[in-house]
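Next come two complexes, and both contain chain A; in the first it sits with chain B, in the second with chain C.
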Partner chain A sequence: MEYLLEVDGLNKTFKGKKALDNVSFRIFEGCITGFIGVNGAGKTTTIKSILGLNFPDSGEIKIFGKCLKDNEKEIKDRIGIVFDNGYLYEDLSIEEMKKIIAPAYSRWDENVFRSYLERFNLEKKQKIKTLSKGMKMKCALALALSHHADLLIMDEPTSGLDPKIRKQLLEIIKEFVSEDGKSAFFSTHITNDLEKTADQIIMLDQGKILIDEDKDVLLEKHALVKGDKSLLTHDCRKLFVSLEEKGFGFEGLTNNRAAVRNSMKDIIMEKPLIEDIMIAYAGR
Partner chain B sequence: MIEALIYKDIKLMFKDNTLLLAGQFLFVLIIISTNLGIAGYSLLSAGICWTYLMNVSSKEKAAKGNILLLSTPYRKKELIIAKYLTAYLLFISTTLLYSGISEIFKMIHVELFPQISCDVFFITLLSVSLFVGITLPMYLKLDDSIIKIVSSIMILGTFIIGYVVFKQLSAQAILELMNWTNKYLGLLSISISILAVIVSYIISFTLMSKTEY
Partner chain C sequence: MEEGRSVKVIISNNSEVPIYQQIKNQIKDEILKGNLTDGELLPSIRHLANETGVSVLTSKRAYDELGQEGYINGVQGRGFFVAAQNMDMLREGKIKEVENKFSEALKIAEMIDISNEDLKTMFEILLQDKGR
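Up next is the complex of A and B:
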């Protein structure tokens, strides 16, 4: 399996505050990677660094095995990009927007673009400003997917969308990745989106990578534990990533199921959601 | 690729704005040209470039369109070159339109709009080049409200400097200077225009390369 994206030791400081602290991760071919973290964690800064829109203080980024700085045009020709608010020109129509974006790509496919418009019920003469947030996102996705991109990068694509449109977008992303050699990398704080779609989870908090794992392994490794407060000894507490005590009971997230099972009797163990894991790690 | 960027700028400039621009064009054409003659053409040319830079800049800043464009294979230098080309395209279109109107009026024996002489064209080209050359880098870096203030100060400053220089020079020196510039007007205008655009491009590119989005 090849890496489509390699980020190594990325550091970025904004006005004396560390926005990215030694961020390193890899994106594999054929994978949907969820890039999670609370607001202000550094997700957008990382994505902008990957796209060369800001300048990291140090670190290396390789896309398709090549350095972005020296191969910018070639690399960007193979990337599809969708931003949270689209960054589309409100006064223009979808067709006019396409006429601006399409010539930039060497492999633009008009038929693919038309098929996406049909599928999304978008009229090419519709002005961007008349579109709802969901429709704008669909338009941005149609523009991002019509040049046979190999890597789809999205910054909070599902933020502010209703569940039906979110589901539709996630289906499109799954379809995209099902083709040979494609990958999708998207940041989100709506972790529900990742439960069914993501293969890999990367979590960023205060500019640091806290989690970088296969989703199934991550969920398998962690457990939500509930039980009586009297079971919590000093050693047991160390087994939890987060722990909340209430009344006579406790609820916590562990990343060491076996050890908890061995040292604590009469407890309930449940499979956590990605959101539980994210909140537990972010709250540490 | 650059054609698509020029298309974008023209669309952004005229979209929902055509009537207002046509009104401004007619106002300058009728009021200024009939009172100040050929100055109307020069004002029209500089005005169209000013309107272009102001409108497109505010729409681009509102949409943060550069973030999307710079995420595509478009290069920074292409985005900047397209801006200069659009400004000159508008200048040439204005020149042709004014010449056309002037010819039509001449044909019906109404001498309202004087024809553009070579000297007038070169002086206008020079003023358009200097205006675009100075303001375009500012639009890339500064807020539009600040640019309006700076532009006003620049126009006023140019007038004051010109007045002071004029007062300092003797009448003979002014005449000699005018004779000399008249002799080489075309060459001077083109040379200074090219120099202004090159310097401006280098500044714009440096500014854009250092900008974080």
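Up next is the complex of A and C:
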């Protein structure tokens, strides 16, 4: 497997505040990568930098092994993009919108586009402003996936959508990466969407990468631990990313499951959700 | 790329054994049992991941390590195949494992002074049970 996206040492400062602090990560082909973090963590800034829509103060981005700056046209021909609050023109119909987007891509495939519209129950004559939020997202997805892209980049594609549409959307993403040589990278704060679909989890907090890991390994390393407060010795406390002491006992998240199991007796250990992990790490 | 046959891999999320290790162990067992034979095409990384509900990175790691250990071969653009000659290797590994378990048992026996005679008797009984 090869890297489809390589981000190296991105730094960006907004009004004296560091928006991105040495952000580096890589994305393998064949992977669905969830890019998580609380609002304002820097996810959208990172995605815009990847797409060349803003300019980091320093750092390098390679897509398909090539530098974005020098090969922008060729690279963008192979990327599908979906943004949360659309780049769709409200007053146009789906067909008119397509006519603006399609010529930009050398491999635009009208048949693929039509089959997506059919599958999503979208009529090409419908005006975009008459579409519900879920329909707009499906329309954006159809527009992003009809030119045989190899890398799908999405910013909060599932936010504000009902569970059924989210599930459909995730299925489409899974289908997309099941072809050879494809990857999907999307930001979300609905971590629930990642439990079943994601292969890799990257977490950004205050502009810094805090987590970059295989999802399975991430969930294996961490555990929710509950027990009596008397068990919390000085050394044991160090094993926790977050710790909450309540009236009857403590509850915490450890990033060293094995050490907790070896050194603490009479505790309950549970498998965490990605959400538990994100909350424990955010704003530390 | 053609899809390999399905392989019996069942992942436990409650196990203390890491998921990639569970995959490795089960594929090795399938090879040893003869359910997977030389040259057989394994499921693709993505297929294995989807079927078992693990990430592609985990299944990739399992395949990479099985490859390094000589159990399977990756062929660019074609997939992963069960490697030849690993039956002996696997068998040898398992024989080592049996030896190790025996020495472990002997150590415990020494600790609580079980006589060689008693050990032999125990072993005879176990063998008889196994023969049934």
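Everything that follows uses one rule, which is that the second predicted complex is superposed on the first by the 283 of 284 C-alpha atoms of A that agree within 3 Å, B and C clash if a C-alpha of one lies under 4 Å from a C-alpha of the other, contacts with A are read in each partner's own complex, and residues count from 1 in each chain.
In this text, contacts are C-beta pairs under 8 Å (C-beta built on N, C-alpha and C of every residue); 3 or more make two chains touch, one makes a residue touch a chain.
Values in this document were obtained by computation on a predicted structure and should not be read as measured data.
K.L.:
On chain A, do chain B and chain C fit together or clash when superposed?
P.N.:
Fit: chain B and chain C sit side by side once superposed on chain A.
K.L.:
Scan A:Gly52 for contacts with chain B and chain C and give back first, second, both or neither.
P.N.:
first
K.L.:
Where does A:Ile268 make contact in the superposed view: on chain B (first), on chain C (second), on both, or on neither?
P.N.:
Neither partner.
K.L.:
Please work out whether A:Cys67 is in contact with chain B alone, chain C alone, both, or neither, and reply first, second, both or neither.
P.N.:
neither
K.L.:
Once both structures sit on top of one another, what is the angle chain B-chain A-chain C taken between CA centres, to the nearest 10 degrees?
P.N.:
150
K.L.:
Just to be sure I read the superposition right, which of the two partners does A:Tyr87 touch: chain B = first, chain C = second, or both, or neither?
P.N.:
first
K.L.:
Going by the touch definition up top, name the partner, chain B or chain C, that contacts more of chain A.
P.N.:
B
K.L.:
In the overlay, answer first, second, both or neither for which of chain B and chain C A:Val217 touches.
P.N.:
Only chain C is touched by A:Val217; chain B is not.
K.L.:
Using only CA atoms and the superposition described at the top, report the least gap between chain B and chain C in Å.
P.N.:
Checking C-alpha atoms only, chain B sits 28 Å from chain C at its nearest point.
K.L.:
Would you mind writing out the residues of chain B in touch with chain A in their complex?
P.N.:
1, 3-5, 7-8, 11-12, 15-16, 59-60, 62-65, 67-75, 212-213
K.L.:
Which of the residues in chain C come into contact with chain A in the complex?
P.N.:
Residue positions touching the partner: 1, 13-14, 16, 18-20, 45-46, 49-50, 53-58, 60-61.
K.L.:
Within the complex, which stretch of chain A touches chain B?
P.N.:
So the residues of chain A in touch with chain B come to 48, 51-55, 72-73, 76-77, 79, 81, 83, 85-92, 96, 99-106.
K.L.:
Quick one: in the complex, what on chain A touches chain C?
P.N.:
Checking each residue of chain A against chain C gives 1, 28, 30-31, 174, 177-178, 180, 196, 198-200, 214-217, 220, 258, 261, 271.
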